[in-house]
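A short worksheet on the structure shown next.
Labels run A, B, C and D following the written order; every chain starts at residue 1.
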Amino acid sequence: MNNLIDKPTCNCGIIGVFGHPDASLISYYGLHALQHRGQEAAGILTSDQNSNFNIHKGMGLVSEVFSDPKVLTDDLVGNSAIGHNRYSTTGASDSRKNIQPFFVNYRLGMLAIAHNGNLTNAKSLRTKLVDEGAIFQTTSDTEVILHLIARSRKTDQIEQVKDALSQIQGAFSLVILTDSKLIAARDKFGIRPLSIGKLGGAYIVSSETCALDINSATFIRDIAPGEILVLSNEDLNNQKISSYSLFDEPNSVFPKKHCVFEYIYFSRPDSQVFGSNVDKMRRKLGKILALRHPVNDKDDEKVIVISVPDSSNTTAIGYNSGLHKLNINSKLEIGLIRSHYIGRTFIAPTQHNREIGVKIKFNIVKGVLENKTVVVVDDSIVRGTTSKQLIKLLKEAKPKEIHLRISSPMITHPCFYGMNFPSKEELIANKFNSDIVEVKKYLEVDSLEYLSIEDMLSAMTDHDKNDFCTACFSGSYPIPINE
Amino acid sequence: MNNLIDKPTCNCGIIGVFGHPDASLISYYGLHALQHRGQEAAGILTSDQNSNFNIHKGMGLVSEVFSDPKVLTDDLVGNSAIGHNRYSTTGASDSRKNIQPFFVNYRLGMLAIAHNGNLTNAKSLRTKLVDEGAIFQTTSDTEVILHLIARSRKTDQIEQVKDALSQIQGAFSLVILTDSKLIAARDKFGIRPLSIGKLGGAYIVSSETCALDINSATFIRDIAPGEILVLSNEDLNNQKISSYSLFDEPNSVFPKKHCVFEYIYFSRPDSQVFGSNVDKMRRKLGKILALRHPVNDKDDEKVIVISVPDSSNTTAIGYNSGLHKLNINSKLEIGLIRSHYIGRTFIAPTQHNREIGVKIKFNIVKGVLENKTVVVVDDSIVRGTTSKQLIKLLKEAKPKEIHLRISSPMITHPCFYGMNFPSKEELIANKFNSDIVEVKKYLEVDSLEYLSIEDMLSAMTDHDKNDFCTACFSGSYPIPINE
Amino acid sequence: MNNLIDKPTCNCGIIGVFGHPDASLISYYGLHALQHRGQEAAGILTSDQNSNFNIHKGMGLVSEVFSDPKVLTDDLVGNSAIGHNRYSTTGASDSRKNIQPFFVNYRLGMLAIAHNGNLTNAKSLRTKLVDEGAIFQTTSDTEVILHLIARSRKTDQIEQVKDALSQIQGAFSLVILTDSKLIAARDKFGIRPLSIGKLGGAYIVSSETCALDINSATFIRDIAPGEILVLSNEDLNNQKISSYSLFDEPNSVFPKKHCVFEYIYFSRPDSQVFGSNVDKMRRKLGKILALRHPVNDKDDEKVIVISVPDSSNTTAIGYNSGLHKLNINSKLEIGLIRSHYIGRTFIAPTQHNREIGVKIKFNIVKGVLENKTVVVVDDSIVRGTTSKQLIKLLKEAKPKEIHLRISSPMITHPCFYGMNFPSKEELIANKFNSDIVEVKKYLEVDSLEYLSIEDMLSAMTDHDKNDFCTACFSGSYPIPINE
Amino acid sequence: MNNLIDKPTCNCGIIGVFGHPDASLISYYGLHALQHRGQEAAGILTSDQNSNFNIHKGMGLVSEVFSDPKVLTDDLVGNSAIGHNRYSTTGASDSRKNIQPFFVNYRLGMLAIAHNGNLTNAKSLRTKLVDEGAIFQTTSDTEVILHLIARSRKTDQIEQVKDALSQIQGAFSLVILTDSKLIAARDKFGIRPLSIGKLGGAYIVSSETCALDINSATFIRDIAPGEILVLSNEDLNNQKISSYSLFDEPNSVFPKKHCVFEYIYFSRPDSQVFGSNVDKMRRKLGKILALRHPVNDKDDEKVIVISVPDSSNTTAIGYNSGLHKLNINSKLEIGLIRSHYIGRTFIAPTQHNREIGVKIKFNIVKGVLENKTVVVVDDSIVRGTTSKQLIKLLKEAKPKEIHLRISSPMITHPCFYGMNFPSKEELIANKFNSDIVEVKKYLEVDSLEYLSIEDMLSAMTDHDKNDFCTACFSGSYPIPINE
């Protein structure tokens, strides 16, 4: 199996719906909109608030898992729902068991959860729980949260949740469904996004605002870092959202640490994330990249700017406008066309060529590139293998020169907060000791430039520079990694 | 869906293998042999005793669930295994989740279980556990046992199991697999069967001895009522089986309450169950039935004895030999042939005929029945609907008379120890207030006779009459039913 | 794949329905009843007599191919239908293409066919047709018949069919459906059976009468050897069946050559075939076998007679009654129980044992056999491999002696008229040069006896001895085999 | 089912490979590259040139039909192959039967065919053939060609093919595989494309050159209109291609009638079709569209040009450059993003919204469009329903104005040469009597303009204007339509 996209993977998209008779459909559309956050598995759980939970989940895309519309209309009944898209987990044999939402029965009734992020103290919490007699069904971090809630000595359900969440560390944006409430919460660093919107009298919580848009819901605001937001029937009738805080002092100022990769690659360009429009941020990254690392044609001819579709499309627009600002004669072109018919992975029937995978995914428009100085704008490089094949493919069009520009810094460190990279050794930066000259040689391009961390953060004009986690570029982790 | 067999259903067959490199294959063959105990789902879990558990389970027959042989040879590696065949459970949406074996991770490592039987205090135990913060993933009784083990304050694993099993009430024959041991246990009444055998240096535990025979293993003995039998690597090396007791005083004499239906219908005729050969017991039941309720031809011609294949085949042999003892001129014949090509259930494309289901399952041999006095021997009647259709079908052969003889008493009460009947109202005996004359009319036979409880038990010559549970015939339950 | 039944295979069962609104359902039930004639594939085609043919066919059992009842009720509409069950054909890649019924469009409209038998001049006819410009889609003989009809110079459809059938040689029982007629025909030797019955105002044609019985239809008569029977709407209204002859002189006396294996093994015991009841014939074969080859116990104890279920069940009854006639103290017993849960074939996950296949299919009832002189009655032996394993299995019950009795002669020659054996070399008789002593040694039985051809034919008291084809036993082929 | 793309559909892509040990793999990659020409079904047939044809075909995308790589490497062996992608055909029940390639057996051996196009005299040819005794298995035009070849009185195979092709009228590009040859042919009007390339010593024939590129083969030339090109083993050894003509006088000048829609929408932009690069032609169409129908912002602000991805991407580039030529201040932007995770069709679980289908397929980038004058460039409108929803969706971004520009004329007539439209009544142009004002109102845009036929043809600067078929815009059909 040849994974055709050499990008980090996010481990999920979540959605919650409260107070709508079409809760399952809204979740379904929302998960479609969040499909880019996880393509390995999907699930939706609904509740009719009479202790009846209905669930359907499976391996595959949302459209595959819910290929039978009756599941949505006849089985998944109820006014509230939570849903989840998952990206790869480790452990093949457990993979079905690990598909979220999870649900269990506990003291105060049914309890279901869908979680985006990664806990950094899951292992020690698990050990402690197991010592107390807890049994675990999955290898997932998320099950720890359920146990912590069930074992809380508090009698009030919200207090139980608060009790549980105050014990976990790391990144989490999550939705919890109980017999009568929808609870949404986000870690105090605000690492992963989470927003809430309104649809008539109902509420929708989702990883990104695109899941609100597809349902024609109105964006209200982001769930704040450290916030526990609760929707109940009473609140619904009063058009009220109850909010609790994970902090002892609710108004304490706490440094945010948003994942900068949400802007670089993860989030959908039409989403509003961490308070800013993703598309706009990508354009800015592209523009700064051009200002720092412009490309000129040696014969003073027009420079052709192309993207690696579709993730770096708007970054390339920004790059082109940056060149124009420098009065470089450049033109944005479509030099690569991406096939719509190939799924996430392509199984090449024979070993001998990785090449064919790239060719099946992308085709080049030769006329546009021939004899031109071409700038290829991409948002990130992980392993570099796909980039290498792509450059090779582009050379078939006989361009004059190929320059590669990356709108993020070199990735050198693993993420412990919910993003999956290949092993440290497989990262192209580490393979060549972060020596950009060697990477350039390997990729066989005429020049290669990345954005520096500083430059990257300078694009985040709506934010304080310190509001972002840049651990994967710098190795400086905002939350201690002990396990 | 038209269930073609109108019989009570047993809720499972279990197997455990310890110390054999082909543990998964032995389990697979064993589950094939135990297929009659449960046809809805099957599963096998293996352990390599290095904390790695492998599992494969699914809905369907053993041959369907394990249709890919690679699963057995490549995935289910390890020297120890437990397996399970399940019959219908309630709750469609949970049905996949409820397939056994179950396995979890707890304080002392991995823990897997497969269970035959039904607990009578599961509900109250569950409530108590949940109050203490336990979370439940399934609606199955069996999960309660796992929690009780995990929460035991004992430090030794065997003590934990003993602690847990001493709290549960009802019927249970079970196998438990841990990282280093195979544990087999049986409730103190010995309601469901469980036996142990030897294959080379390895051990096999199974519901019936037929699962030993198919593996060419040697039968050692039954697990005793109230016994906890433990196989560990050390014991294996010393060719030793460790045995513990659920009773405080190990040698206390305790009344057994074997399920008499294991002899009447459930167990395979070639199995040795509760110390006796099943086939032999069925012949005795048939013989006594003949002695109590013989049939004569009014014209002194030969009486034809037929069975409803295949479950009452040997009972019919016994009945015929009983008639011979009475010097009645009778002959055992094959009057009904059962199709081998129809699965468990037949989906009739149209509503209008239950009739066709019986016709597809059975064909009559007209020549044998025409103008004869025919005795149809069957082991039990539950709803009576299939019997009615079968009699109707037999009449197409134009017999002189049809007499129906049942080798068990009227079923009038539900079973709480692991046997499934339809609702009390659906039982034919209850529909007609146990009035045999009315049942006879409904079935349109020339005569109908059941065995009385007394007569039935008189066939159990190897046993004390009090060793059997007859609650489904009498309503007198040996274990209190409070929930 | 381990084919569990070592028997010759028939290559199909056919059915035709004319003039009934439930034509597809009647075909479906009929194919269920004919399932024993072919288990590899099934298909039904219906016509609404407005040139619309609907078809559904697939690999597998009838219940598998028609697992969706909607296919029968919603898709296969129309008042007339033909259906087909197929046994194995050669040529894996073509296997789907070769599933019958076939249908084509030709000069006079739609034309569909289902065929049981095998043509002996298919190859030369095919060559001739191809020379004239015909194109072939399948490798099946049956397609030749369609071409011959389409190319006939006759203008009348019945004349075209007669023209075509007069050119083919070999065994054929077939049903043809056109836009307005159902045509049934049988070769002049009457090798394979074909019968017609009546259901209200409608007609059913089928390979065996059991397909009439399941539909509660009334048997009218067999289609005569050499007869072409035509049902049309006009005839239907007049309650008339039109009959044509393949012979130039309709009343010419022609030797019949019925396949004797239909009585020995193929046909269902409750069917009426070639004018006699199959069950009755099997009993006679068993009785003669006993008279010729009785078995006595050396200690004058009771001899136990068992069958190999289910095909030789009634033969064993006949054998037992034969022994009684000889005043031998014998008893018919059930010594082998056949599993209902195993499909046609069993995929053993490991190479090393054919043995397990037999064990999974059959279980022995030890108590019945232990220390007894046992006669195993079987209808035929082909390869002998299953028999060998079965004897081995029976020996686990520690019988005093095992005697094997076969109710047919040794199979030594291939069949060219529609029955499939393994290759000549694989036949056990040929492996041991028809030396019964060697076969006995190989099977490890205490004695082995077959019926001679003479004795076998002496059982056919309702028929002239010359009315049967015995080529597979004698090598004397009634229809020349040139190709 | 909601077809998300409102475009005409082409009925297939074909490929042929001759003389390469990886013929099946090359076909597979080629069909991937041609996937845009047909997504309903796919098939590959290989020949080892010893009269053994291997075939695999099925419903679905190439990646779905060939999801098991073993099929390609183990089953589809041989040095020559033909393959086919199909778009929708009529007749659900026949749909499997109609999947190409077709293959039959005829006088000179095996014969296989894959066909792109549509015959206009298929019906009368079929009638004639049927009258002569031919039988038809499918409802496809293509089967007619096989019969014509088989029935040709010529003895030489090439002459037979020539004989057959000279009788058919309409559009056809086809590949034929025989036991020893690969034959490629194209109708005399050259309606559908067909090209040949070289890969080492082997040859590849394919609908578009992109199927050559993906295999790194070198483009040689187009098959000429009216040419029959033959590859045989002898020719292969001599590096020779044999060419025959369908014209009596090979050098006769004949008007070409290329399908102009291949340039507008069908062909892949990176293909070379009819001698020109498709991408280049689309840019020209866009440019002319801008020159004829420019858009200005009423406040003299920058005009935003967006495409409907991905088919009109390069047309939008051309449009934007056209505006620049007119000195209009415009910018090409990405205003719509197309989801990669949705397959060809989307099954909406509820009736009530077509809207959601468009939202799932496309997302809008609000920031780019808000308060702007937006030009949406699309290549064609068929029904208009998707366009209407798309405009509605775009309005959510609150643009100042929306102007729709179509790079082709109004579609008013059906195509009989291999392109599928909905019924004439469903065409938006016909719904509004070709009244552009009404269409504009229906779509709710601020302005709407199409290219005129004249203007469209003026973009084809490499060709004579008369070289194109424009029947779907004008109703003037180059080949008479009688049937």
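We adopt the following convention: a residue touches a chain if its C-beta (ideal position, glycine included) is under 8 Å from a C-beta of that chain, and two chains touch if they have at least 3 such contacts.
None of these values were measured; they are calculated from a predicted model.
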Intersection of the contact lists for chain A and chain B: none
Touching chain A and also chain D, the following chains: none
Of all other chains, the one whose Cα centre sits farthest from chain C: A
Chain A-chain C separation of Cα centroids, rounded to whole Å: 63
Whole-Å gap between the CA centroids of chain B and chain C: 37
Centre-to-centre distance between chain D and chain C (centres being mean Cα positions), rounded to whole Å: 51
Two or more partner chains touched - positions in chain A: none
Residues of chain C that touch chain B when the two form their complex: 25, 28-29, 32-33, 35-36, 39, 61-63, 66-67, 69, 72-73, 210, 213-214, 268-270, 277, 279-280, 310, 313-314, 317, 332-334, 337-343, 346-350, 356, 359-360, 363-368, 396
Chain C partner contacts - residues on chain D that touch it in the complex: 54-55, 75, 93, 104-107, 111, 130-131, 133-137, 146-147, 150-152
